[in-house]
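To keep things simple, chains are lettered A, B, C and D as they appear, and every chain counts its residues starting from 1.
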């Protein structure tokens, strides 16, 4: 197998598509948001990307295996066409991160997709009530536009920069003159956070111009709140939760 | 030396061989099972596979050294011809796992071997009495067939997926249209487990159609039960076991 | 992207330039010294060096992102022309260190720059009053010359050798017949150390023949002394410092 | 720089040379033994081997730097010509170990050197009085010959095999039909062990047919015994030793 190997599943004809990335990261915010788009809207698997820099692993569903990969779906969001990247893995090493991002940007260019939105979370270190959305962009034009939709640009935040595929989509995207922005929902960093994903998607709705139903994400948020409540009770000396409750964590 | 280097030892002429993998893993279930076939049945070393992704190491036997490698034996199991992969090492890095598996699948294709059975263990986290055998397959046909032989397919179990060469033989095998299945014996995960290997081999006997004598494996299982008994006694305050007893662990 | 990718920003015409390296390291001495030259003197960004061996990361400034890189500025220091390397990262792996240094030495040769000065710190393990400057060189001529400017050469110190880009600029530089020296300010190793950077720059002023104003570095040194004082008070039981105080550490 | 780069220093004309390896390892036994040959006998530096798989580092001697490397000296041991490999580093990764050993075996073949002796230590885990020498070989002929000189071949000992360059010189040497043996002095594993190096060299004297003066090695052994004595006193509650004493450890 090549270092990066694209399996084409369907040919699609898209009008001025936007590229959206949601791989695993802080609070799984980006992953939840991107998967929500694929599940709730009219969508179609376009390709799978395999890589020797992904974990040497298959996942199992209904007894059948799937080699570790990232998937790109075409999502038809009303008038807007989206290419949405989802998956369960980041690359496993530094060189792999750069190579995977270059492979993704080749696909972005192939479809003439623009701009690129990388979705993620920013950890606050504490449980939060308000889900601010922080941004970073490769161009002043994107920054100014996203500010209009309520995204906050806070000097040099996040201070540690943006790491992984999200960061490189901006860094390598800029070098190819592909406008790109990272949209990050605030999140505690301790739990999978559907509310933060919701906040990120609300920005995206406005920036791109589409609508998506949030009820399933709200249901997951309610489930998470139950988990948080039980954890807080635990800390106050109540019995330990069942395995099922903890399944939502991490 | 090339990244992957095949040393041909014997030319063999096999009828519709089946490929069986048993490298080290949980409870050494796959390794025990595969080595049992090589030792108990009529077998012949076909080739050794060396790799710069194996540990930089030689083993020593009777004062003579052997470079780290994996070995493929032809095993003549009655009417069935088998190609059995054994060895002491997994690849040492992600890229090496993919490259080693590709090298193995080249050999599988060279001999027209089909299907591929990857043998392994599934950890339960506790000492067990009943040795269920869990499966995962690349095709519904293989899944259905193995179910008839008592292999259990349990939704998305194992939840963490299947890692290492076993997982990739399925993942990369599927991409080459080579039918493959992983047959995993339940095992505590704490000890080398000949009983679990026995359970896996019983499935294989039925699926492939051959017979093998289990007495040496049963002897090792008895030895392991002695070890377990002594460990349980230790936990109840009896004297520590001798080094010899512990030699069987890991 | 190539393993090492040079983005040319400005063409410059330099007279017999000297190359100065100041990447992060012990006490950030080299980095502080090199950045001070770029900030205080007349300077111009010549190129950025990107690499798949840098962290997969962008930094954020005013909401805009910059891919991880090293930067080379032309610095016009009176009669002396300097090429000054600064950045926030060392390479992430052994092979990357060698490759990045080779890329840098290609640029050194392209501009005919000579000699190469690698700036850094030597940890003493305790807070110090006197900032001795230790040296190591590729040639006896450079050693003798630097000794005249007060640099101390102490047998085989530093005992652990010199690691990272600084070490390789000497090691690989010597193999290309480029004279090179490492100039290391003593520093505790616990704190960012502007005073040690000051001591290193004073040597450089004499060795190259230029002058730079130290007041901003002295201001940072004063700030650090406040931090040290507060830490010492902490150890004696006074209240913990604010986050702002600790921002200067590391 | 290439992955492995040979700097030729002197042309030498050797009669049926033997190749001896002594890189750092358990108790520094191999390194001490090999360096003793280079220092005590008539010797000449033949070449240095640099590698991007060595640490990115220079060492410093008299203020001058030397890039991390391994060195091969021609050693004229009476009637016997030796090629002796010494150095301060093993390769830093698995692929580097294989590549470095292949580079060394190219040189072995270039000089027609045979056999290859890899020197090292075997840890016993306790301070020892008798320094047995254990062997492992690629051929029965070498095993039988070394047994005559008092080397012990003990079944599959060392149980963990032989790792690093020593192991691969045998493993890859055998694949090139170069006879090779590893000669390992028993050692506690806790301290640099000149006595164990002495025992290894005595075997080598007989196997190759040369004589070397051991007095400097005996002096170092005496120094180490002082250190051991002081450590033993420490454990019995006497004052801590000076830094100078501890310098000999590791």
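Here is the rule we go by: a contact is a pair of C-beta atoms (placed from the backbone, for glycine too) under 8 Å apart; a residue touches a chain by one contact, two chains touch by 3 or more.
Owing to the predicted nature of the structure, the values given are computational and were not obtained by experimental measurement.
Relative to chain D, the chain whose mean Cα position lies farthest away is A. Residues touching across the chain A and chain C pair largely diverge in numbering: under half of the numbers involved belong to both copies. Chain B and chain C have Cα centroids lying 53 Å from one another. If you average the CA atoms of chain C and of chain D, the two centres end up 38 Å from each other.
Contact of a single residue of chain D with at least two other chains is seen at no position.
If you sketch which chains touch which, the chains form one closed loop in which each chain touches exactly two neighbours. Contact between chains, as defined at the top, is found for A-B, A-C, B-D, C-D.
Within the complex formed with chain A, the residues of chain B that make contact are 91, 94-95, 97-99, 101-102, 135-140, 143, 153-158, 161-165, 167-168, 170-172, 174-175, 182.
Interface residues of chain D, counted against chain C in their complex, comprise 1, 7, 50, 52-68, 92-93, 96.
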